[in-house]
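Some structures are shown below for you to check.
In what follows, chain A forms one complex with chain B and a second complex with chain C.
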Partner chain A sequence: MTELPSTTHKKLGLVIDLDTCVGCHACVINCKEWNTSHYGAPLSDIEAYGENPVGTFLNRIHTYEVTPVQGLTQTVHFPKSCLHCEDAPCVTVCPTGASYKRSEDGIVLVNEDDCIGCGLCAWACPYGAREMDAAEGVMKKCTLCVDRIYNENIPEEDREPACVRTCPANARHFGDFSDPDSNVSKLSKERGGIDLMPEQLTKPVNKYLPPRAKAEISTDGEIDVLSPFLEPIASETTGFLSWLDKALDKI
Partner chain B sequence: MHPAPSVIIFTIFSGLGFGLFFLLGLGFFLADYWLNFVLFFLAYGFSIIGLLSSLFHLGNPQRFLKAFSQWRTSWLSREGVFSTSTLIIMAPFAIGKIFLDKEFVILGIVGSVLAILTIFCTAMIYAQLRTVPRWNSFLTPVLFVLYSLGGGTFLINEGRLAAFILILSSLLQVYAWLNGDQLFKKAVSNVESATGLGNIGKVRLLEGPHTGTNYLLKEMVYIVGRKHRIRLRIIGFILVGLLPGLILLLFNFNLLLLILAFLMHLIGISLIRWLFFAEAEHVVGLYY
Partner chain C sequence: MSKFAQPKLDLSPKVNDEIRKTTCYMCACRCGINVHMQSGKVKYIEGNKDHPVNQGVLCAKGSAGIMQIYSPARLRAPMKRIGPRGSGAFEEISWEEALGIATDWLKPVRNDDPKKLAFFTGRDQSQSFTSWWAQAYGTPNYAAHGGFCSVNMAAAGIYTMGGAFWEFGQPDWERTKLFMIFGVAEDHDSNPIKIGLGKLKKRGAKVIGVNPIRTGYNAIADDWVGITPGTDGLFILSLVHTLMAAGKIDLEYLIRYTNAPYLIDSDPKSKTFGLFLRDNAGEPLILDRITKKAIAWNTKGAKPDLAGSYRRGGISHLSVFQMIAERYLSEDYSPEAVSKKVGISADRIKGIAADLARVAFEEEIVIEQEWTDFRGEKHDKMVGRPVSFHAMRGVSAHSNGFQTCRSLHLLQIILGSVEVPGGFRFKPPYPKHSTSHPKPHCKVTAGMPLDGPHLGYIQGPEDLCINKDGKPIRIDKAYSWENPMSAHGLMHMVISNAYSGDPYPIDVMFMYMANMSWNSSMNTSGVMEMLTAKDGNNEYKIPKLIYSDAYSSEMVAYADLILPDTTYMERHDCISLLDRPICEAEAAADSIRWPVIEPDRDVRGFQSVLLDLGARLKLPGFITENGDPKFEDYADYIINHERRPGVGPLAGFRGKNGDKEGRGETNPKQIEAYIENGGFWKKHIPEAAQFFKPWNVEYQEWAVETGLFDKQSPYLFDIYIEPMQKFILSAKGIGEMQPPDHLRKQIIDTMDPLPIWYQPFEEQVTDGEEFPVHALTQRPMAMYHSWGSQNAWLRQIHGYNPMYLPKKIWKEKNFQEGDWALVTSRSGSIKVPVSRMDALNENTIWTWNAIGKRRGAWGLSEYATESNKGFLLNHIIHELLPPKKDGMRWSNSDPITGQAAWFDLKVKVEKISKEEHVTPFAHPQKSPVKSDVNDVKYGEDFID
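Up next is the complex of A and B:
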């Protein structure tokens, strides 16, 4: 049913830390690896080794340059996947009921057996979180690794989304936002987690932690801030290499 | 948005077909028996061409029956429900009129209402999308309905009414274009709100997430050159309503000119629908 549940029992989602993400794309690859071999149709690549390769991905990393009025320009890596919105417009537009939001945990999913591949849900999503698979003609999107997080056949430490599990910078956190004491709720509260495009009225569950303010570094015209610590300790060198050095100098 | 031919054909022909159904159901007929037969034939022909063409747009058209299920929330589903019920209800009405020489007035009125609702739902599929500010306006359904009625009244030879509707719709179209040019900016979404980085400073894409293209860019980020678009708008404006309207008013007696005028209208509406999609900016473009 494409009517949205009025409340969901849990609100599972991600906190993405823009301060620590290093833009390595490891989460993209692990997401693709897990999701191409599990839930629903594989994530196809078309012309993978040809001139114009295109493929289906559920998670993508943009990189932005942010220039403040004063101070240094920053580079911010920006992972983007489905935000599992509370008022998900992608769900209500779906004519078949293939798109739905689960009342138990708030995950937004596509039942691929019902999807006719009309693409309207992708049009309705402001964030570009849905991609139509070119080989299967069905809509693909982040499942929050619904087939990992409850999966008792895998070790307990793996029962979190593939992107979170793999992130080497610990920039991705998974948890339940309906619980004020959960890791994600606390993190988001401490660091002022924000919604993307709140004016689209989608009420995203996933929160983004803004980059911390960069420390002001005064350089006194000296570019390398570490150089004072790198002064040579010994002024007079000894040993074979020193002899060689001097000998070569004389030639 | 990507101007897919299947969707352009779908909106034009289903608009014409259901516009015609709306008028036939209300009892607008021609004097000649055979011409009425042709009108019903056209109404069915156009709407079925339109609906079939929309199926070509689907990734899995064999499951289309499922699309009738979500009429409570989805405009696309409603469109499916109303369009098929119009086709069904209008069948006995057409049979009555053509073969039995009887008018089943109630059936006709019900069919008319369903037909106009179909056109409205088609427009709402686009107008509902907050993600495409240019479409997200009351002018979208108004124009869709007007174009359908313009084409319909033309075909049932209500010359003056058709001329009035066509000229009015082409003028309104100009307003919709000019107004639409402002809507994206007014919609508040910008790269700063999209990334949430606006309170730090100005945001610029440094590196995209992929070196090639992807579904999102192909489907939702379509750019028409400015010079191109102004030229197309002018041609569309003249052909869709202005010129056919004038011909209808001044040369209503000349069949050849009338046929020419209708062809102009068809070319005009094709240009306008192409622009409707091609010019529409989706907010996801802000991320790129």
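Up next is the complex of A and C:
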């Protein structure tokens, strides 16, 4: 068992906007691309060109259909990576101390030198956010790009996780949730950011912005108060032309 | 508990040795990329923040570029076929031998009959160069892949308003308040649209998605309209009806900027019925509201009457606008009348119309910016209607696609929302009227160049590419009576026509980056047979086939000679204003690719190879006076070729000192200057020229100065396309140029000069009861327009494509997960795995396109899911309509542009038991690339 820090100085994490994510997988591949050659062992791809390619990814997008009681079925794209929980069960379950939560910023990491590949942490994580690398035999997970966000070899404006920098739709945001005035705290407050599976009591740092209510314009029997149906000016072409004549006089 | 000991991390590890900035080629979007190099290898690719296209972001394809440039499917050397066509048996040969063979094949054809070469270049991003080669060679048979992609969109846009979506223009993402997106559109312009949607979402602007399938952009649309495929035009015209009936149209805009006031001969007995009334100088006339006289449209101080009528020479003339009113106010277009066909309730149509009207007319945008129009009138502000639209392949790929795209432009125009703040904005060199483009050329002379560029915009029957007897001159029958306005050619008909000898057989087929034996052809199984079919002398019906590709695609197996191309990181390229530009609404821009890595194989950039071939064939422009090659390679051409004096492939850093923009003499250091500048060049449009571009004098002046035009070219939008009426007159027997009798009805029925809707041809000729279901394909965002669906990372996201069935069919036929289906069209059947999807039009099934692979292709294992469970819908989409007992081959294409009608398909679906693999199951092709790569651990080289 490994201890969690009693508090962390910052709470770094992501806001993921489900109202904006189009499910393009840009974040998935840019994450793979950055992390396969930076923190720790490469993210391998077993049978990369074979029958059943299986690779390690730190971030994946799941697609769900949701059919409301009334209205049309919706499609929701749901990006998922480590949520850097305050009460991270993956850390406390680790037998070697390899899994840990950083006291300065709250990022949950795996010290690969100490990881024995037992997989307990992946079992403990209720989100399925950790993946064992099949080639290296160590546990891989989102590092929140700890090797980018403080990296003095990178221009200051780029010191954010690769998934955030690359997201074409700007559906991902990075910041410090311990600061109520940070971009992520404000966004989460404005848009009703939610914890994923709060009943698990993990206190995830990352927040999801739920899809906005889908307005179906004027479904049968319901008329949009903002845009009532247009009143016809005339029913016949001749009537239209006389309206036109008057309208042209005004121009 | 173990004692918690937090390890000390190096928070500033080394990132790279250097960054090289070039242009992505993982799709057609052409984003700027920062390529991180370490130890001579590509370590990481990110978006270039300064780049006008992607502004720093990068999609999945772009990031997966690493797996593409190191893919085991890369061809390694030139090859000649040693087994039967299609087998994939090749031997590697030297470049000297390969180029010698190609020259030996091409030279006699040029000297004898150049049209016996068909040169078509799929996903070509160098069309201004490849067409120049084909023109110098002298064959009329050249085009790229637009004919099977989205030519309806491009041609309808150019003819109607001087530009379409994507490369031609974009919504005013910063200001628009209501955005409507039609059909499969997660493709072209992928990152800019995602960036734009992000901006709309940030400020809570409304997005309406119209698509039978709710994926991608439709998933985040605030309102989803799951329309019946092929009925978009009818839906749009019903919106037009509703808006007009309520007087919610921008009359001032129609008067000032469109041909709505033009007077038209409205006497059906007249020989000029439907043509504009013109003055002696040929200028169309309008009725002046004050003087009641017919005067030229551009007369200073004129007050055009939209409701004008005028008699001259015993003939009545009515304004275009009166015809518009008459047509679209008709009850045929009322929401109640169209509701059943389009699958949308009348109330929803009315609601959407009301929403459009409210945002356009009650939430107008005003920018305090003076500007001057081409009539000399000064305006103290720019007023905009903040509704905008986008559409692409989804509405294009139907046999009624041209008229549907026209309908959408009509909707944009009556709302006054084109080239205004908050609406739709053109990107340089657009707007550009159809008459400012070249016309097609097709005069063939043995041993000589063609008489001009192949592709362009015809203005009447006199511009067709036909013989004296009315037969098509081009192998694809472009610009013939069958499809007169085929601005991008018909690549999808080339193999079928050459095989059939209709209109004539050819000798050499030469293709580049076009997977025509697989996912880029309709009727794939049939095409594979055509490519291997032999005549009575045991010779292939298509005698010689040269193909260039960087990868071991399915098409490689069908070629006789392979000229292996480089990957996009190993080559020079230019994304040119002469070609398919990457400009933005606020700036002109172009860019380059340059070899950020060197090839480790015996491969050459295709454009450099074409220059070499051109020199060997002694083509004019390709050799010096001494007969030596004029250009060393493509980079040399990019720098030194001039299309017009001072105007070359790249507009930036021209002139001896590299300080001239647009126009200027060549600069030997031009490519270095681009590299220094991040791989691109950009020139901002002045503030007073940002909107109203077709009519804005400041913009017109800027466009001339920048070399986009040689003289100012203001014009009005063609709501009414007079050249189309000329075809109808011909079809009615008027004039010297007469279509063949069997095409008269088709021309009259479809070439209406005002937008119309007609039922897609496939539906007209198939039994709707036997084949009740629409079948569509999309390509996933992570693969669209990509040459890399075998990519090690991307195939883990989209390596399997079931047929998605809607709830209604699923329940009716009692399907369960894991089941398979027999899907049958009028021309064939496929057996495929199925999956249920509820966010889908209830009469539509669909799948991801181009996931399925032929066994042995793309360097994949023979057990790859893509070749066993992956499938193509293409097998059951025929390139021809059923025979009509007239002996003619009727193409399954739009009758105006020749656009392949992929999305017209109708099928029936039956449940079958689980199969081992999909049917049809192509015989494996032998792989010309050997790889022992299995497990990949990319990045291990970079660990210290």
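Quick notes on this structure:
Going forward, the second predicted complex is superposed on the first by the 217 of 251 C-alpha atoms of A that agree within 3 Å, B and C clash if a C-alpha of one lies under 4 Å from a C-alpha of the other, contacts with A are read in each partner's own complex, and residues count from 1 in each chain.
In this section, a residue touches a chain if its C-beta (ideal position, glycine included) is under 8 Å from a C-beta of that chain, and two chains touch if they have at least 3 such contacts.
What you see is a predicted model; the values in this text were computed from it and never measured.
When the shared chain is aligned, chain B and chain C each come close enough to touch A:97. When the two structures are aligned on the shared chain, A:68 is found in touch with chain B, with no touch to chain C. In the overlay built on the shared chain, the residue A:132 is in contact with chain B alone; chain C does not reach it. Here chain B and chain C are compared by how many residues of chain A each touches, and C touches more.
Of the two partner chains placed by the overlay, chain B and chain C both lie in contact with A:52. By the touch criterion defined above, A:147 reaches chain C but does not reach chain B.
When the two complexes are overlaid on their common chain A, residue A:84 makes contact with neither chain B nor chain C. When the shared chain is aligned, no partner comes close enough to touch A:172: not chain B, not chain C. Judged by the touch definition given at the top, the superposed model places A:197 against chain B, while chain C stays out of reach.
Once chain A of one complex is fitted onto chain A of the other, the partner contacts of A:120 are limited to chain B, with no touch recorded for chain C.
Common to the chain B and chain C contact sets on chain A are residues 1-3, 23, 28, 52-55, 57, 65, 67, 73-76, 95-97, 136, 211. On the side of chain A, the complex with chain C involves touching residues 1-5, 17, 19-26, 28-30, 32-34, 36-38, 41-55, 57, 65, 67, 72-77, 95-97, 100, 102-103, 109, 111, 113, 135-136, 146-147, 150-154, 157-158, 162, 165-171, 211-212, 214-221, 223-224, 226-237, 240-241, 243-245, 247-248, 251. On the side of chain C, the complex with chain A involves touching residues 1-7, 9-15, 38, 43-47, 49, 54, 56-64, 66, 72, 186, 190-191, 194-195, 197-199, 201-202, 206, 208, 214-220, 222-224, 226, 242-248, 251-252, 255, 289, 305-307, 321-322, 325-326, 329, 345, 347-348, 350-355, 357-358, 781-782, 790, 792-797, 799, 837-840, 859-861, 863-865, 931, 933-940, 942-943. By the touch rule above, chain A contacts chain B in their complex via residues 1-3, 18, 23, 28, 52-57, 60-69, 73-76, 78, 80, 89, 91-98, 114-120, 122-128, 131-134, 136-138, 194-201, 208, 210-211. Of all the residues in chain B, the ones that touch chain A in their complex are 1, 57-61, 63-64, 66-70, 72-77, 80, 125, 128-132, 187-189, 193-197, 199-210, 212-216, 218-220, 282-284, 287-288.
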